[in-house]
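Paired with subunit B in one complex and with subunit C in the other, subunit A is shared by the two complexes that follow.
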Partner chain A sequence: MTKSIDRPQSASRRSALKTLGAAGAAATLPLWARYTNAQTAEPIRIGFQKHVTGIGAAYGRWYDRTSQAAVAKINAEGGINGRMIELVTEDDGTDPKRGAEVLEKFANQSNCDVAFGTLFSHVVIGSAPRAGELKLPYFVVSEGHHVASGMLNRWTLQPGITDVKSQVQAMAPFVSNNLGKKVTMIFPDFAFGHDHRDYFSKAIEAQGGQVLEMIAIPPTETSFTKYFPKIPRDTEVIYHVMVGPAVLTFVKEMGEFFGPSRPEIFGFIDSLEAVDLSSPGLDFLEGTYFWEGMPRYLQPDAADYVKSYRDAVGVDENGASTEDAKDVSTAAHMFGCWETLHIIKAGMEASGYSGPGDRQALVEAVEAMTDMPAGIEHPQGAKVFNGKTHQVFGSQYISQVEGGKLIVKHTASIEDTLYPDEVDYTTQSF
Partner chain B sequence: MSRSLILHLGLIAVLFALNFVLPPYAHGNIARVMTLAVYAIGYNIAFGYTGLLSLGHAMFFAAGMYGAGLLLRFTDMGALPAYAAGLAAGGALALAVGLLALRTAGVSFMIVTLMFSQAVYLAILYFGEWTRGDEGFVIASADRMIAGVDLAAPQARYLVAWGLFSVALMFLLWLVRRPSGRVFVAIRENEDRARLLGYDTFRLKLLSLVISGVISAASGAAYAILFGYAGASFAGVQYSIFPMLWVLLGGAGTVIGPFLGTLFMFYLIDLSSGLTDAYMLIAGVALIGLTLFAPQGIAGEIRRRFWKDLP
Partner chain C sequence: MEFGPYLMLAMLEGAVLAAVLALMASGLSLTFGVMRVVNVAHGEFYMLGAVMAWFVAHLVGGGAAIAFIAAAVIAPLAVGAMAAAADMTILKRIDYDPERTIVATIGLLYVIQQVTLMTYGADARPVEPPFNSRIALPWFEWGEEGLALYYPWGLSTTSYKLFVIAAAAVLILAVRLFMTRTKAGLIMRATQLDSEMATAFGIPVERVYAAVFGIGAGLAALAGVLIVPVQQAHYLMGGDALLLSFIVVIIGGLGSMAGTIVAAILIGMSDGIISVFFSPTLAKILATLLVALVLVFRPQGLFGSRPR
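Showing the complex of A and B:
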């Protein structure tokens, strides 16, 4: 136990030194770059709607680190159209009302060119109408299906992270072929859980499987023992997506309920983002499977651009901060900030963006994007952007807990994630 | 014209004039503050004037928001009828809750209203198929029109918020100066004595709560239509605490206090968040300071020091 804690710390110290050295060298670049450009152009201002406080704070902290790293990289490489970029950060309190106010602040007070970076769906949905009214390009990193469902507007795009509908449906082939066909779903009884319930149950049936039982857990629940007896005895796979602080209790009580003879278990890492897998009670997860947007642990076959991305953000091989091995990242989501900032750069360069008057051209340039090859701009993997639905599609990872670490066992293809268009935003006027 | 009438009409006139001079960000903010100040005015009738300390007013705000929002989402009835339905939903809920909750008083009333409000919040999550639960839903711009006027346009939004606020403010001023308003205060000060004088205090408290619920719903429905979003977070417990905070800061039992409190709180958060990530600390210290040095709130302090008959 002690060893497993010691090892990552010494590793993180080494990689911290490396990162510090690299960061020190890189830090000098923006200085001269800024100097050469300062006289010719104002910086491009990107309003970062950050969850500093409220339920999304852990995500906000890592979204911030990833975004700062991406901005430092882009600026070190000369910025966008010769202009540096600057993040203008505002706390939205993970609250839709404050989120809308923050967008107004970006557009009307801080003179931001675009807004970016929101994760929680209710903040996105509360803010997006204002983005449309203010005609402010709004790049969300939310994984909600709200963009592709057609609920939002032409000014709101999600080009840097896949949506929950595509993620969930891409899991069904693996689950039914490798884990079992009789599934019991356990999910929180609110919109996030309902999305999983609706999309996965359809997808698993399309694979010849069936959902035996759907167990919805009220959001106020703190103990779960009374729900486990509802799991049918012939269940082959448990699919769980519990989120929030109660997840540790949930896993512990599930372990106590099943003991050594459990069915296969598949979950979404959303439950355990920013949570150390060596936390007490989580040992029951050994051998179970998780969806990951991007692997938390550095995989043995990781490409160099993945390592460069992780070094730039300051993530060690266990997915924790290089400065604090207990500070576990939100690896499965935060790459979306990095990729989105690179897409904003690509869109601004393609449209010759020079100021707020070109915002419409920027949206049109992003809508025209299609293939996004894997590389340092897209370290999570190759993606295909659908300009009509404003939603990107990409590979999904399925990992198994082995020795307390998540090891990738399967990569779902982009084709597995596709579904018919539900909207064509390009037909809407600006 | 009395001094108090001049004060309140003056506030309305100033807010109208601000429509033409405010820079865009402040223009949007004041529109939002006026909309939410209506909620605080509603809360003030129950708490500030009648002494009904509710911890569940978010359910009335949400009743207005969803009463209007769901109709706009699923029908083509238009913004005005949907708005009226939002008010009716708030009034009906306040009547039902009042009939039960007003059997209690004091701390029990707080707890019962909190429980009812949580039940409404959980119901919104439970019926996620229609309400989209915690995510909420967007109210389409096409549904946010009244007589061809687009309420999403800054000028129209501001003027509608101003009109609503003006009506609520003048209604409260009228209410507290007429006999029934004075009986509300009598109930707040000493319910037993009011009953002894022959007033049916249960009926009057119910009336106060229903008026309060309708006005809170008016704010919730207006927020949905003006800002295009309805979501369960507005039914959460923090949105029951906000109006209490706004009213306490501005001055409970004053007509102008709810607006001052809402404005103060908005800018306290907005400005301090520009200084530090720990802005809640600044907000907390400011609130403690205000509680220590002006326990009756801003308008309450003005009444205590300078203007004894400020309504």
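Showing the complex of A and C:
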């Protein structure tokens, strides 16, 4: 009895499914029909893993502006192989788990050709294995040493920004010769900060200096005075690098802690990235030094391509937005997005990239790159790319705070930043 | 740094945290005491206080002091009004049912956080303190000439941090006087003791509830306004603050004002001292462990009374 009731039901379900399936196929018709005749008109889709929310939000905002400006420029000049670039932006929440999901989305849902743009090292480290599994070229703009250390994989490249190991190696001679030999380091307690801890301490010891104390601070911390008493009394130089939403509080409380009798201070501009140097409480920084990936303030001897780059992104001579002088940029890092997008273009053109089938050829084309001359495509300066370690090397700037502005005092050459290879990704299979 | 000055610095830092925490947790304790509502969105009212302080200070201009005073008046009132409206539109509709209010306030938490993210953005923004000068503190040591004063490196606080401690103490005293000495306070206490009987005596319990929820949120917002010149307003700042407030309220005894204040001082000071001498994570571990011990051995909290 039950069978006779069941049968017509299942038959009608089956026919309903058939109709639905046919209707569904018909509905998608324009989508796949489009590919058959006009492949070259399809834009190149670059998945932009953006820190919209979470502790990296200020960087995300400026990485976005720089990337949009670079895309507008490249598209105005005819795109890549005649195809326009389309930036597909997804928020990763500055969270490693979400980062891996975002890559998945780029590869499987939004049909991106490559993924790009991640800064925070824990997100890169969390996402890169997924990029390897998806065989999706993953261009990070992160500074972390994790690319060149061999921790990641053949699909992950960092061609647009130098890594922490090379940066600190170039800073150590300046610190020990000009500021002092006894250093106390203050850094954020995650992968990026650990790169500073490990490589700067080695580099300063090679210069005859000594790290007296290492103070690790969680990047989500909001109150800092409690960490400063750990600074030994005989410290000659404070080396600080901090990230997260509370960087201004960090620097301000450091000033309040030392009062009028501060030691020499050398910081990575990360500690004040996106923060106005004229904010109240920062006066004590006058005369202190900062590493800058690229100068925030327009230097008097800046080249024309630097000015064009700054105009395209929309930063004024103080490194703030041309629309809001209070909205200070992340100038020392965001140039990496501009340069990376130009490298993706160069790599796609060199490999004759036509679609996701050519992803491997794209990675190989970028690996084959070496010299990158300074110019509008590389406004931060000339660079040398190491295809084996997937890492680029370039000049580093040391600036001093003078009259509330950062003035470049020393430029470390590319040679100062080189170190022996730790990995050869080109021997790994795709 | 030597032990003596080090400890003094740790205690000063702890006192600032304790002051803010006491103010915020007394709001949480008040809503629980009178309404029996566990307000999970309390941390977001704290964050809203800080964010609104930034908006007000930004709009008012005219010097840091005027902007700060305007923020300290407007932000808590606005947040309190918003909370009272939430009470009337949400909590009242679900009859203050304990389980459903928890879920409702969790929803409120996300709504407030996301709306802040969408309007104010993900940046941390500073508010200028009305005054802020560094005060170097002396320390004494037995030298060759007997007791001598000297100024150790780093032993300092700022006038604003001292102001935060004093302001929180005054505000808590004011809340206490309001509850014990005014007619409105009497009505609230009557509602707390027995809301049915209070209704029978003609007390508009629903309006009392809305007012209490508003005052509780307003206290959290005030704490946010006080801390924002030291820290910075950020849309995620409510999370940690909520956790610490719950710890304080549970240790002190839900609904007990005196217990809340004692527990805030205990947790604030121990957090300051332990994080200076050991690590901030250890301070959190110990605070949470203390909560567990209190729940096991004295579930009503240090100062709470056993349920009748």
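Operating definition for what follows: the second predicted complex is superposed on the first by the 355 of 430 C-alpha atoms of A that agree within 3 Å, B and C clash if a C-alpha of one lies under 4 Å from a C-alpha of the other, contacts with A are read in each partner's own complex, and residues count from 1 in each chain.
Simple rule for what comes next: a residue touches a chain if its C-beta (ideal position, glycine included) is under 8 Å from a C-beta of that chain, and two chains touch if they have at least 3 such contacts.
In this text the structure is predicted, and so the values were computed from the model without any measurement.
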- Query: Given the touch rule stated above, what does A:G259 touch, subunit B (first), subunit C (second), both, or neither?
  - Reply: second
- prompt: Thinking of the overlay built on chain A, is A:V52 touched by subunit B (first), by subunit C (second), by both, or by neither?
  reply: both
* Asked: Does subunit B (first) or subunit C (second) touch A:K165, or do both, or does neither?
  -> neither
Of the partners subunit B and subunit C, which touch A:F190 in the superposed model: first, second, both, neither?
first
May I ask you to decide whether A:H333 touches subunit B, subunit C, both, or neither, giving the answer as first, second, both or neither?
neither
| said: If we overlay the two complexes on their shared chain A, which of subunit B and subunit C does A:P218 touch? Say first, second, both or neither. | reply: both
Q) Touch check for A:P96: first (subunit B), second (subunit C), both, or neither? A) first
Item to complete: Pick one for A:P280: touches subunit B only (first), subunit C only (second), both, or neither.
Response: second
Overlap of the subunit B and subunit C interfaces on subunit A comprises residues 52-53, 218
Seen from subunit A, its contact residues with subunit B in the complex are 52-53, 90-91, 95-98, 100-101, 104-105, 107-109, 121-122, 125-126, 128-130, 132-133, 144, 146, 151-152, 189-192, 194, 218-220
As the complex stands, subunit C meets subunit A at residues 1, 6, 9-10, 13, 17, 64, 117, 121-124, 126, 128-129, 132, 134, 136, 153-154, 156, 158, 230-232, 234, 236-237, 240, 272, 275-276, 280-281
Per the touch rule above, subunit A residues touching subunit C in the complex are 52-54, 57-58, 60-61, 218, 221-223, 225-231, 233, 245-246, 248-249, 256-259, 261, 274, 279-281
The subunit B residues in contact with subunit A across the complex are 23-25, 28-29, 32, 122, 125-126, 128-129, 132-139, 141, 152, 227-229, 231-234, 269-270, 273, 277, 279-280
